[in-house]
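The structures considered in this document are given below.
Both of the next two complexes hold chain A, though its partner changes from chain B to chain C.
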Partner chain A sequence: MAKKGMSELAKEEQKLAVKLLIPTFIILLVIALYPLGQVFYTSFTNRTFAGTGTTEFIGLDNYQKLLSFSIKELPPVVDEETGKVKIDEETGKKVFQSPIQVLPRQPELYRPVYSFNFFGSKYVVGAVTPDFIRAVFNTIIFTIFSVLIETILGLGIALVVNSEFKGRGMMRAVMLVPWAVITVVSAKMWEWMFQPTRAGLFNMLLDKFGIGTGNFSFLTNLSLQMPAIIAVDVWKTTPFMALLLLAGLQLIPQELYEAAEVDGASKIRQFFTITLPLLKPSVAVALIFRTLDSLRVFDVFQVLLAQKRYSMASFNYFQLISARQMGMASAIGVIIFILIFFFALSYMKALGVDTE
Partner chain B sequence: MRKYLLLVLALVLVVSFTAVGFAQEKTEITVAAGSVGKELELTQQAAQMYMEEHPDVKINVLSTPDLTNDRLGLYLQFLEAESAKVDVYQVDVIWPGDLGQHFIDLNKYGAEEVTDNHFQEIVQNNTVEGRLVAIPWFTDAGLLYYRTDLLEKYNREVPQTWTELEETAKYIMEQERAAGNPDFYGYVWQGNAYEGLTCDALEWGFSNGGGTIVSPDKEITINNEKAIEAIDMAAGWVGGISPTGVTGMAEEDARKMWEAGNALFMRNWPYAYTLGNADTSQIKGKFDVAPLPAGDSGSSAATLGGWNLSVSKYSEHPEVAADVALFMAGKKGQKMRAIEGSFNPTIKSLYQDEEVLEAVPFFGKLYEVFTNAVARPSTATAPNYNQASEIFFQGVHSVLTGESDASTAVQYMELDLKDLLGYEIGEPRQP
Partner chain C sequence: MSKTQKKVLKKILFYFVLAVIVVYLLFPFYWAVNSSLKSQAQLSMTPATLIPRDPDTGEISIFTSNYFAIFKNGQFLRGLVNSSIVATSTTILSLIVGSFAAFALGKLRFKGKEPALYVILAMTMFPQVTVLSGLYAVINALNLSARFSMIFTYMLFTLPFTTWVLTSFFRDLPKEIMQSAQVDGATPFQTFHMILLPLTAPALVTTGLLAFIQAWNEYLFALTFTSIDPSARTVPVAIQYFSGEFARQEPFGEIMAAAVVVTIPIVVLVLIFQKRIVAGLTAGAVKG
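Entry: the complex of A and B
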């Protein structure tokens, strides 16, 4: 792209290109950059949502509240009479002090997020906003599992509907139905199926198979919440994944398979040496799409779990709507933005998506 | 081709202008109203009544989410945008302190003449800095619904204390299950992590002598033995006399289970009375209501609920909107709602009205419950009530799901409330 060698015509064309791009830039500025800047600015204030009071600039306070955490060792309880470490009589384990006595209270109150054992000592992780730290964990776990399962299932489905069979067109259309349903609507449907009584589909089925007594509480039991949410998302988004991968599969020239056939390569060999490498760009695009999408997950969490367990986005929503802390909510928005940005970059690097 | 395009454009212009012209003939008022049970239908009916009297006004009723927290979220978005799209808001009894600055003073629009007819506590609650920001529409108090047929069958009395409720519920639940209904439970209530749990837990605590979280004279009183005991008691119900799923139940979930005939007792608001006697209900005519059981304090407690109508300061037609609000909350509007939906009037004289008492006999019998209901600490914590309530219900919910024990939970509630409000620690208020 040496400038010297550029002809008059090319220069003219470049000028035209700039002119044609101006409207797009202006629109981007108005609809993307301005709100983004506004959010950045608000995140440094203590603004109240729909409030009429004054707003003050408070610097990084919001970020400090969201991100500060501390790890403390829990000292064992010492029996005052004997001077020895107290041992629980039932379990035979050491009794430790409760986190509320150990974690700092000034200048901010730290609350326990997680505790773990390490070389016989017990440690506790405390945070000022434990709900946010948990929300980040929830979101990441949700993303990893849902994207992984969706990719595997999506690939399987794509391979099936890519092969020749009667009614293939029909099958491809039907496959897309879950994805076409509005998330809030499908989440409500799942909520009914997850009912904690035998009126709910899953409890009814599990009961028929003799598992449990028909009162699995999928949405309130802490260990069942995440699997339930992931199941809903997998059901809904696998078709989208399959569609993206199907497009990739159709780009692979048929001749390659014919040649492989002639050379006597088995179907499995063909899959690993032809299909998968050639599908890699499509998989990369699909993964980026889905990962970024899952990191922003809001609707399934909001509808199914509301304030019982948060994703980053739903925690953001409740900070804004319920607690009315617009400054804090903006700071969460900024953190989500940075996190997603980081994910996108590392994906591009790792998967070698070319910029050219 | 071009000619046609011009013609179409011209047509579009004409049509859109006439549409604007038509709209200007009538004053449009939008009422944001709830849709729990029969609510929406009755609001539309009241709007119809108003429109018949005032043909120049068109009222649109906007249906809003069932959970009060979700509804607040929607309202805040309208208010933050200073939107004129909604003129009249149905507001919870806990909101006037928090949202008052967005609403007009109804006293300036003729409410002064009628406020004397309403329950004074509610009028007081809705008056913020001398301005009446909401006109009382209906009041609510937590009630114990019980199955008359089952209590009779097993020869049990209506429980007066929580311990009696536990015993009766356990006994009848076991008998009914043995008799062939494995889905039968003793007691259903609102245990989801939302405002409704604050209402329920306030009743357990206050009836047990555990106070009102924050006392009216601005002291934090939640960290006490009696409150811990009450929360522990409720946690003991989960998975026993109440289904494990109760920790995800709101009003409508409890009502559905109750109306399917799968519960002996239910804690709910008065609106469930008419619905339970509808033809679609399995328990039509087989139930009655009583005050909630008492705890160690010896008296029963019912949380004061209820909804009011406010007129947005950003409305384009505040006079008409105020008139609509005052009409709906007027005697005629409240009487219709009382008879057809068992919504408690806030106008005292309606409790002596024969037609009302015939339709909803318990209004007369439980008049005391409604007038003595215990208010949530929304005034003492304003404008931070919503956050204070969240601290409380999240803490209680963590005990109900077994994530935390009650004494740790209330210790954190106390610390968090102190952070939020900056009040001193005090002794719980007794009934």
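Entry: the complex of A and C
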């Protein structure tokens, strides 16, 4: 009797649980799973948005266009008269053929993305969609540097705030300010500080310290764009990182430090033998979490660089809204999804779910 | 050097580092406030001044018209209204639907709980940009209004987040509460909305606030879905498209004023709920 009652109760619980979960799963089905399926399907077609042409199934063409790239060696130009390698008279360096002559033209035209020297030879990287290859490259550079800098700065700030001092509460409050600023707004604030004249903060400061002439154009100069974007992201997300690491620091039992003190271990030694190993799980989780976030970066790139330089996400947006290439945009979406999926797997493995 | 001297030196060094951190974190915001109080002429002064100064006399002169201008500017006010509607609706919907699911996941025993938890956790990491073209097609096919599209699609990130965080709160509530309610003859659902829900009220507030901030912040979907309907633009999009009276230059004075106006309420909210937010953030990220 009692047993039957229990199973009756368990059945009821099961039914209730299903009922309670249904709304969430229906919503997620409609806004995530169905569109995802749609995106996978569309990525194999040449669908355009509001286009007149008919949609055709084109297999892996979009992926091929996006991902194919080749590295070719640039042969030096040989002087026809002397039969020797031509040397530039001004610089004294070898003259190489132009990338366009070397890169394949059939079946798709490859355009140069990047060229580099290696052991005296010159190579060129060519791609069918150079903007996408660059976008992938930009996103990876952005992710590596911003996550790395944020972790180091965040750890530093967390260690400082973790020690006892007056106004610690205030300090925690201050840490939340950059986090509370809308990403677009923070990008705008920095855009204004990056002004290419001395009306901009950075040029004014650099000029005061005698660096440059007060007209660095951070957002148009190709070699300054990435550092500028990374600086904005680091400012906005370091506090978040610091808060996560601070939570991890507070989980470390104080007794360990007291024992180390008794044993006469120096502060630095304590940091490397106690703090760092015990903080590892928190750091790992924060790292993966931030990496996932950085790989899909959109806001800062779109606001500050728009079509000057893309991240994967802003290139996706461009393909969809400006170029109206739905099939192509979908293929980019799938590529981003696959990339993030692998990171997410490692994240979930690190966390695991707690069913009790 | 004596021991006390060393101690004092250490203290000075410590407070110096602290000051550097504070300046780093707050200065960009101060610069926005400073710039928002400058006229166009003051903004184009070179070198830029740390406080608003008169271009000719060099005396401190504060210019407040930017603030009046943005409130006369329909785009910005409309943006505030749109953002409020969208973010509030999404948050409330996610809290209602999410707390149901979280109760089931946190307190009930049923088959398939583990896969369900994994699905929710996976969804918290779902990259919104991948489904952009798919959602855009769905919205166009269904002819949904831009505002409604945003409310609906923002649940893609707010719903898994609220469900996940609330699940851990429900799980931490003592089992005895449910058992004693059951003994008293309450059905599990009665236990949920009469006993457990009031107990999780603080958690609901924190989670709601965090979901609200995420929705308030959202840019990609807002930019995409309002591309056909500029009147539905939310604050981030409105600020990005800000145009001044003099179309040639970007009106940075007004943009900075708008930046200050939209940031202050959030900062105040965040400061009020400071402790809870940190707890919520770490529950959402560190614990998953």
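In this text, the second predicted complex is superposed on the first by the 307 of 356 C-alpha atoms of A that agree within 3 Å, B and C clash if a C-alpha of one lies under 4 Å from a C-alpha of the other, contacts with A are read in each partner's own complex, and residues count from 1 in each chain.
We take it that a contact is a pair of C-beta atoms (placed from the backbone, for glycine too) under 8 Å apart; a residue touches a chain by one contact, two chains touch by 3 or more.
What you are looking at is a predicted structure, and each value in this text was computed from that prediction instead of being measured.
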Contacts of A:Leu222 with chain B and chain C, given as first, second, both or neither: first
First, second, both or neither for A:Ile100, with chain B first and chain C second: first
First (chain B), second (chain C), both or neither touched by A:Ala259: neither
More chain A residues in contact [chain B versus chain C]: C
First, second, both or neither for A:Gln307, with chain B first and chain C second: first
Partner chain(s) touched by A:Tyr347 [first = chain B, second = chain C, both, neither]: second
Partner chain(s) touched by A:Leu29 [first = chain B, second = chain C, both, neither]: neither
Which superposed partner A:Ile211 touches (first chain B, second chain C, both, neither): neither
Partner chain(s) touched by A:Val78 [first = chain B, second = chain C, both, neither]: neither
Which of chain B and chain C A:Ile144 touches, first, second, both or neither: neither
Overlap of the chain B and chain C footprints on chain A, listed as residue numbers: 49, 197-199, 214, 317, 321
Partner chain A, residues of chain C touching it in the complex: 14-15, 17-18, 21-22, 24-26, 28-29, 31-32, 35, 43-48, 97-98, 100-101, 103-105, 108-111, 113-114, 116-123, 125-138, 152-153, 155-156, 159-160, 163, 168, 171, 188-189, 213, 216-217, 219-220, 223-224, 227, 235-237, 239-240, 252, 255-256, 258-259, 262-263, 266-267, 270-271, 274, 277-278, 281-282, 285-288
Of all residues in chain B, those that touch chain A in their complex: 67, 69, 72-73, 76-77, 79-80, 99, 101-102, 182-183, 192-194, 243-245, 247-248, 257, 260, 262, 383, 386-387, 390, 394, 397, 401, 403, 408, 411-412, 415-416, 419
In the complex with chain C, residue positions of chain A that touch it: 10, 12-14, 16-18, 20-21, 23-25, 27-28, 31-32, 34-39, 42, 49, 157, 160, 163, 165, 171-186, 188-190, 192-193, 197-201, 204, 207-208, 214, 235, 239-240, 243-244, 247-248, 282, 285-286, 289, 292, 295-296, 298-299, 302-303, 312-313, 316-317, 320-321, 326, 329-330, 333-334, 336-337, 340, 344, 347-348, 351, 353-356
Contact set on chain A toward chain B in their complex: 49-52, 98, 100, 105, 109, 111, 195-199, 213-217, 219-222, 306-308, 317, 321-324
